[in-house]
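Below is one structure. I have some questions about it.
In this document, chain identifiers A, B, C, D, E and F correspond to the written order of the chains, with residue numbering beginning at 1 in each.
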Amino acid sequence: MGDSVLEELLREDLQYLDLTTSVLGIESVVGVARVFFRESGVVACSEEAARIYELAGAKVKYFVRSGELVQGNQLVLEAEGEGSSLHLAWRVAQTLLSYASGVATYTRRMVEKARRVNPRVKIAATRQTPPGSRIFYIKAVLAGGGVVHRQSLSDSILIFDNHLAFLGEPKVSGAVRRALEHAGGRGVGVEVGSLEEALEAVRAGAYYIQFERPDPRLLGEWVKKIREVDGRVVIGVAGGITLENVEEYASTGVDLIVTSAPYRARPIDVSTRIERLEA
Amino acid sequence: MGDSVLEELLREDLQYLDLTTSVLGIESVVGVARVFFRESGVVACSEEAARIYELAGAKVKYFVRSGELVQGNQLVLEAEGEGSSLHLAWRVAQTLLSYASGVATYTRRMVEKARRVNPRVKIAATRQTPPGSRIFYIKAVLAGGGVVHRQSLSDSILIFDNHLAFLGEPKVSGAVRRALEHAGGRGVGVEVGSLEEALEAVRAGAYYIQFERPDPRLLGEWVKKIREVDGRVVIGVAGGITLENVEEYASTGVDLIVTSAPYRARPIDVSTRIERLEA
Amino acid sequence: MGDSVLEELLREDLQYLDLTTSVLGIESVVGVARVFFRESGVVACSEEAARIYELAGAKVKYFVRSGELVQGNQLVLEAEGEGSSLHLAWRVAQTLLSYASGVATYTRRMVEKARRVNPRVKIAATRQTPPGSRIFYIKAVLAGGGVVHRQSLSDSILIFDNHLAFLGEPKVSGAVRRALEHAGGRGVGVEVGSLEEALEAVRAGAYYIQFERPDPRLLGEWVKKIREVDGRVVIGVAGGITLENVEEYASTGVDLIVTSAPYRARPIDVSTRIERLEA
Amino acid sequence: MGDSVLEELLREDLQYLDLTTSVLGIESVVGVARVFFRESGVVACSEEAARIYELAGAKVKYFVRSGELVQGNQLVLEAEGEGSSLHLAWRVAQTLLSYASGVATYTRRMVEKARRVNPRVKIAATRQTPPGSRIFYIKAVLAGGGVVHRQSLSDSILIFDNHLAFLGEPKVSGAVRRALEHAGGRGVGVEVGSLEEALEAVRAGAYYIQFERPDPRLLGEWVKKIREVDGRVVIGVAGGITLENVEEYASTGVDLIVTSAPYRARPIDVSTRIERLEA
Amino acid sequence: MGDSVLEELLREDLQYLDLTTSVLGIESVVGVARVFFRESGVVACSEEAARIYELAGAKVKYFVRSGELVQGNQLVLEAEGEGSSLHLAWRVAQTLLSYASGVATYTRRMVEKARRVNPRVKIAATRQTPPGSRIFYIKAVLAGGGVVHRQSLSDSILIFDNHLAFLGEPKVSGAVRRALEHAGGRGVGVEVGSLEEALEAVRAGAYYIQFERPDPRLLGEWVKKIREVDGRVVIGVAGGITLENVEEYASTGVDLIVTSAPYRARPIDVSTRIERLEA
Amino acid sequence: MGDSVLEELLREDLQYLDLTTSVLGIESVVGVARVFFRESGVVACSEEAARIYELAGAKVKYFVRSGELVQGNQLVLEAEGEGSSLHLAWRVAQTLLSYASGVATYTRRMVEKARRVNPRVKIAATRQTPPGSRIFYIKAVLAGGGVVHRQSLSDSILIFDNHLAFLGEPKVSGAVRRALEHAGGRGVGVEVGSLEEALEAVRAGAYYIQFERPDPRLLGEWVKKIREVDGRVVIGVAGGITLENVEEYASTGVDLIVTSAPYRARPIDVSTRIERLEA
C-alpha cells in the first residue's frame, strides 16, 4: 500500500493545524504512544498504523503483525516522537486499527465456525465496504483468514439479473455462452435463483455458481446434484449470511460463503496512552 | 463535495474494465436503474449517489433529497443510460446510499429518543469514521439531524489526558489557561473524569466540558452544579453511548451526547433494479 | 474514463502557457479543427480525443466512434473553438488517436488473419503497454476486436516460473492445488513449457494453460491431447507472436493468442488542419 | 522524477491484490530478482526501475546507470526482497526498462549514423510520445544521446501552418515579427515548406527554421543559402525521418534532425529471473 | 506537512527538464548550496526548504529552525549534492523561504509593537493568503509569534453581514441564538459594526465579537463596556490594520488584532550561492 | 486552466463543512453575490473566479474579462445560487481576484511608465511567485500587459553564476558554446555583470543577455555597444526594479525589464455583497 494512501488518511484528520497541540505548545515535547487492544481480537492493518506514525514523524519501536490474535490489554504498537507527531497519528492509527481488526476478528470467527462443519469452505467478503475504505477492508479480510470475493468490477465476471435484463434473450445459458466467448482465460460466474438455473448455467460452461438467499434446507441437495453434473464447478452462496447462520450454510457443502457481514462488525476497542519521556 | 471525491469512489470499484458488462457486450444497450429502500430509513448522500450516476454517463430522472424519511419499497433514485454507465454506477451508488442512510437513520433515532427526555440535547458524532469515509459520514450525520462534534484536529480545541501528559504541571486548570492564551476567538474544551476536574476547568475558563464514561446516576447532579458556577458552559458526555442507553444520558441535562455509534449502524437495505428500455 | 485522466494528458503537453499561441495573440480567434486519417485504419479512443477538445474549451461537432474502420483522408473528428482551445487540444488528441488507432488496427489485422484458420481464436493483448498508457491501450485493443489478457496483477491468477521458484516444492501440480484452495470463484492459470507440465496442471485443476514460446509444429498435437483429458480447459500461447506468424499459432487450435505486438504497431498517420472561421 | 510518478506506475499494474502471489501464499518468502538484457542496447530509466523495486519494498543491490551500453545476457538490475515486493515490481520495472531502453538504443543508432556524415548534427525527439509516457521517453532520448526538441507547448515558440491560419495576414514574416515582439528572451521558430518561406522567416528575425518533409536533394542547397543570409540561424528538418534515411538528411548540413521514430522503436528484450534465497 | 505538498512546489518550477543544467552537462557535478539572508528577519518554513533540497536528491548539512531571528548575511541553510539536485531546489527553496520569512518577520514586528501597549494582545492572521499558499503562510504566521484567526470555513463559526442577509429576521441576536443551538461545543463569533450590535450579540451568547473598521478612538470605550457585561467574551478588531496603526488598535484593550497585512509583507531578501566541491 | 486546480483552491478554504452556513441553516436559501472593485484596477483571473462560483454550484450571470480596466465601485462579477454555494465561493473567488488584479494593475502601471520612455520595452515577470500561486500570477501578468520571463526551469536556458561555478573553466564564453551545442532550436541566455562579459557572451553566440543590478547610468552605453556588435541580441535587466525606478532602466534602451515587483503589489480592494433573492 503506497504512502500516498496513508497520507490521505492523515489529511482526513488534519487540514492545517492540530489546534489543541498547537495552543498547548507541546509540539516538540518528546513522548511515547502505546496502543493497546482492550479486548481480544485479530490484528489487521498494523503495518499501515505503524507507517502512519512514521509518516507523522515518529519512530516505531514495536508492533504486532496483521493476522495475529492478541488478548485484551495487550500492547499492539509503540512509537516514540514529538508531541506534534504522536498527536497527529494517534486517532488516525487507532481508528484504522480498530475498524480493520474488527473486520478481521469477525472474519476469523466466521471462518472457524464454518470450518467446524465444512473444513474446506471459504469465507469470501464482498465489495460492499464503506465508501473509501476498500483497500483497508480487503487487507483486514485476508488477515482474518478470509478470501476476497471480488475486489472490483475489473477482476472477475459475475452475471446478475441486472445484466440479464439487458440481453435480448434473457436466459442464463445464453448469457454464459456469450460471456465465455470473450472471457479469455477467465472462468464465468452466474448468480442464480434455483437448481434449474444453476444446472443450465453449469451445462453452458459456468465455472462459478452463486445462489442468492436460497433456502438452506434445499441448498444441500442442490449442491450435491450440481457436483454430480460437474465435479469442478465452484459453488457459492450469498445474501444475509452472518456469524449467526454461517454454519447452516456451510454445512450444505458449498465452497464459498459470500458475505458483507465482517464489514459491519463492531470495531475492536483500542486505546492509546501517551506519556512524556524524560529528556 | 467536489467531483474528484466521487470519481475516486468510482475508481474504487473499477480499474480499467467492467469485465461482466464488457464480455456480455451490453455496454451500449439503453436501460433504466431504479434504486429502492427495502426498509424505512432516512436518506443520506443521495445527491452524491445521483452525481455518481451522472459521472458514469447516465441521466438522473429523480431522487429523494438527503434528510427525508422514506418507507420500505420506496423509490429513492432513478437514472437512465447505457449499460456501461448503469452497471458502473450501480453498486458504488447503492453502497454509498446504504451506509450513509444507515448512519442517518441511526442518528435520527438517537435524536428522537434523546429529545423525548431532553428537548435541547444534540447528538454529536465523533471523528471515528471508517478510514476514507469521513466526508460521507459527516454528511450522513447532518442528514439524520445530528451535529458534527469535530471534523478533524484542525477545527476545535479539546484537551485530553494524552495532552496533559505532555505538560510539566499536568493540571487541568493550567492547561486550560495555557490554551486560552493562544486560542484566539475559539472556546477551549476539556475532557474530564470527575466533578472536581470539571469545576476546575470551568473556573479556568473552559467553554466546553466533556465527561468520559461517567456514571449516569451522578452525571445529573454534576451538570446542575456546573451550571450553578457557569450558566453558559457547554456540557457533553462521551463513551459507549448508543441507542440503547441514550435516554439515560440525555436525561442528565447535558447539551451534547458525543457518540460513534451511528457509524456502526447496520446499513439500510437498498436494492437496484435495472431494466432495458425499448429502443 | 474519468476526466481527470484526460486532464492529466493535457497537462503532459502544457505547463502554464501555450507560448506560440500566446505570442501570436490568437487565443480568442475562432476556428475549426479537422482531424483526418491519412491512411486507412481502425479508430480508437476517439471518444477520449473528442473529450480532450471539450476539456480544452472547444465544441465537438462530429467524431467517428471507436471500432469503426475509416479510409485514408477521411475526417474522424471536427471541433470548433477559440485558438487557445484548438491549439491546446490539437496534438494531444491527435497523438492519442494516432497511437491508439495504430494498436486497434494491428489488433484487427491479427484477429482477421488468425480467424481465417481458427474462427474461434481470440487475440489477447498483454499488460506490457508503454508506461502510463495502459488505460488507453486496453481500450484500443477492444476497439480492434481483441480481448484483454490481464489488466493488472489484480484481475487473474497466472502462475509463472518466477512464482514456482518461491515454493518449497516447485511442481506445477502443487502450485495449482495451493492456488485453487484460495482462488474462490476464480479459475487458476499456469504458464507451462511442455505437454507433460500442461497435463499435470490440467489434472491438478487448472482452468487456463499458457504455453510460452512452444514449437508451433508440436503445439497442435499438444492441444489435442489436452482437450482429450479436459474438454473445457482454455489454452493460450504467448511469446513473440506477431502479425507475421499469427496464423501458424492460430492453426494449432488454441483458444487465445497472447501478444504484445499490437502495442508496438506503427501509429496511424493522423493530421489536423485548423482554419479560421469568419466571424 | 518524483516518487509519485513511479507510484502511479505501480498502481497501473495493481488495484488491490497481486492475486497470484496472494493465493500461493508466497508474500513473505525472501528472494532475489535479476533483470537481464537479452540483447545489446543502451540502458534507460534504470534509476527509475530501481526505485520502483524500492517503492515496492525491496532492496536494490546493483544497477547499470542510464546511458550505458550493455550486451546481451548482461545483468542490469538486481534486487532482494519478499515475494510480495519482487512480484509487484517485476513487470512494472521490466516493461519500463524495455520500452525506455528501446527508445535510447534507437536514438543512439540514429545519432551515430547521422554523425558519421555530419559530426555536429543533433537528433531531436518530438512531443509525440505515447499518451502518459512523456516523462520516461524524454529521459530515454537523453540517455541515447539525443536532445529534446520540445517538451511541451510551454517551452518554445514554433509557428506552424495551423497558427498562420488564424492570422489575418497569413504570411510567415508577419507572424515572426508579431511573435518576436512578445517573445521576451526566447528565439522564434517557424516550420516552412520552401526556401522562399525560409528566407522570409530568417529576414524577419526567426532563430530556428524547420523544414517539413523537404526533398533531401534540395535541402542541402537551401541550407547553404540560408547560412549565407544568416550564419547563426538554427536549421532543422522533420517528417518521416528514421534510422533508414537519417544519413540522407544529416548530410544536408542541418543542425537538427527532428523525429518521432525512436518512440516507435522495438522495445529491448528484457527478462527477469526470480529465485528464492535460502533463509 | 506531507512530502506531496512539497513535491507539488518542485513541480511548479519543473515540467520535465532543467534545461540550463542539462545543456551545460553539469547534472552530476557535486557541489554545495548555501542560502543566506541578506537582511535580518525571522526564519519561516526552513524545515520545508530543507526537505525540498532532500526531495531533489541533496543532503542537508545545516539549517536554522523556523521562528529564529537571523541577521543579514547569516547562513540559514546548507546542502550538498549533484548539480541536478541543487539547481532544482535552489529557487524553489529560496522563494519559499523568502516569502514565508517575510510574513514571519512582519508578524513578529506587529506582535512586538502591539505588545508594548497591550501585553496580552494577539496578532491573528486571516484566511486571505495568496491562492495556493495557505499552508505555508499559516506556518509563517506561527513562526512570527502570531496566531491563526481561521484556517478555513471549516474551523470556526463567524457570522458576517453576508450571512445575516440570508436570514428572514436579520438581527444579530437571532442569528447568534440560531447558531448556538447547532454549535455543539464551539463558541459563536459575530462581526459587528457598533457597540449596540456588540452588546446584543454578547447578550445572545456570542463568545467572540469582531469589530470591522471601527473608529479606534471609540473602540477603547466599547471594549470596556462589553467587558462589564461579560468578562469572558473575546474581542477582536479587523480591517486595514498594519504595522503603521497596530498600536492604536492594540491600546484599545482588544484581545485579537485580525489582519492580512503580514501576507503582503515584503519578502526577505534571500540569496543562494552554489559552489563546486573538489572531488 | 483545468477545474482540478480550482477545486484545489476551494479545498484550501473548506475541509468538510462551512460551519457558519451550516449552523445558521441557510444552505438552501437562494441569493445573489455581487463582487465589486473598491478602487480602480486591471481585472485578472475573473474567468477563474467565475468558474469557482460554478464549481461551488452557483450560476454566473456576469463578469468582466481579464485585462479590462475597471473603476472603483464597479461590479466585476455576479452569481446566483444557494447559500451553500455562494458562501463557499465568496472568499476564495474574492481573494483570487484581489491578488491577481493587484498583480495585473501593478504590471500595467510599470508597462505604461516604461513605454513612455521606451515604447518597445517589455515588462517580464520572474518565476518568484508566492509558493503555490504561479499559474494564477502568470495569468495576471499577461492580463496586465506584461510577458512571462520564464515559467519554470523547463522553458528556457539562462546561465547564472551558480551554473558557471560547476564548470571546470568558468568563463562565460565556454558556457555559452557548451549550451549552444545542446540547445537545439533554443536561444541561450546569460546573466552578466559587466559589458566585457556581455560582449564575450554575445560573441560566443548568446541570444539573450541579462544584466543583474547594473548601474543604470552605465547601462545605456552598454546597450548601444552590444547592439553595435550584434543587432539582434535581446537585452534584459533584472534586480530590484519597481514602479519607482522603472523609467530609469527603460530609458537605457533594453528590451526586457525583468522584475518580481508585481507579485508584491498591494492586492486590489475587492468586496462581495450577498443578498437574499425573494422566492
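We adopt the following convention: a residue touches a chain if its C-beta (ideal position, glycine included) is under 8 Å from a C-beta of that chain, and two chains touch if they have at least 3 such contacts.
On a predicted model such as this, the values are computed, not experimentally measured, just so you know.
Peer 1: Which chains make contact with chain A and with chain D at once?
Peer 2: C, E
Peer 1: Among B-E, E-F or C-F, which pair gives essentially the same interface as A-D, with more than half of the residue-number contact pairs in common?
Peer 2: Having compared contact pairs by residue number, the answer is C-F.
Peer 1: Of all the other chains, whose mean CA position lies farthest from chain E?
Peer 2: The most remote chain is C.
Peer 1: Tell me whether chain B and chain E, two copies of the same sequence, contact each other through the same residue numbers or different ones, using over half shared as the line for same.
Peer 2: Because over half of the interface numbers appear in both copies, chain E and chain B meet with the same residues.
Peer 1: Any idea how many Å lie between the Cα centroids of chain D and chain E?
Peer 2: From the centre of chain D to the centre of chain E is 43 Å.
Peer 1: Suppose each chain is reduced to the average of its Cα coordinates; what separation in Å results between chain A and chain F?
Peer 2: 51
Peer 1: Could you pull out the residues of chain F that touch at least 2 other chains?
Peer 2: Residues 3-4, 15-17, 19, 22, 134-135, 148, 151-152, 154-156, 158, 181-182, 186 of chain F each touch two or more of the other chains.
Peer 1: According to the definition of touch, which chains form touching pairs?
Peer 2: The set of touching chain pairs is A-B, A-C, A-D, A-E, B-C, B-E, B-F, C-D, C-F, D-E, D-F, E-F.
Peer 1: Please name which positions on chain A make contact with chain C in the complex.
Peer 2: Touching chain C: residues 120, 122, 124, 147-149, 151-152, 154-156, 158, 181-182, 184-187, 189, 205, 207-208, 210, 232, 234, 236, 256 of chain A.
Peer 1: State the interface residues of chain A toward chain D in the complex, per the touch definition above.
Peer 2: Against chain D, chain A makes touches at 2-4, 134-135, 138, 142, 148, 151-152, 154-155.
Peer 1: For chain A, which residues count as touching chain B in their complex?
Peer 2: It is residues 8-9, 12-26, 29, 31, 83, 87-88, 90-92, 95-96, 98-100, 127-136, 152-160, 162-163, 165-167, 175, 178-179, 181-183, 186, 188, 264, 266-267, 272-276 of chain A that touch chain B.
Peer 1: Spell out the part of chain F that touches chain B in their complex, as residue ranges.
Peer 2: 3-4, 7, 10-11, 15-17, 19, 22, 55
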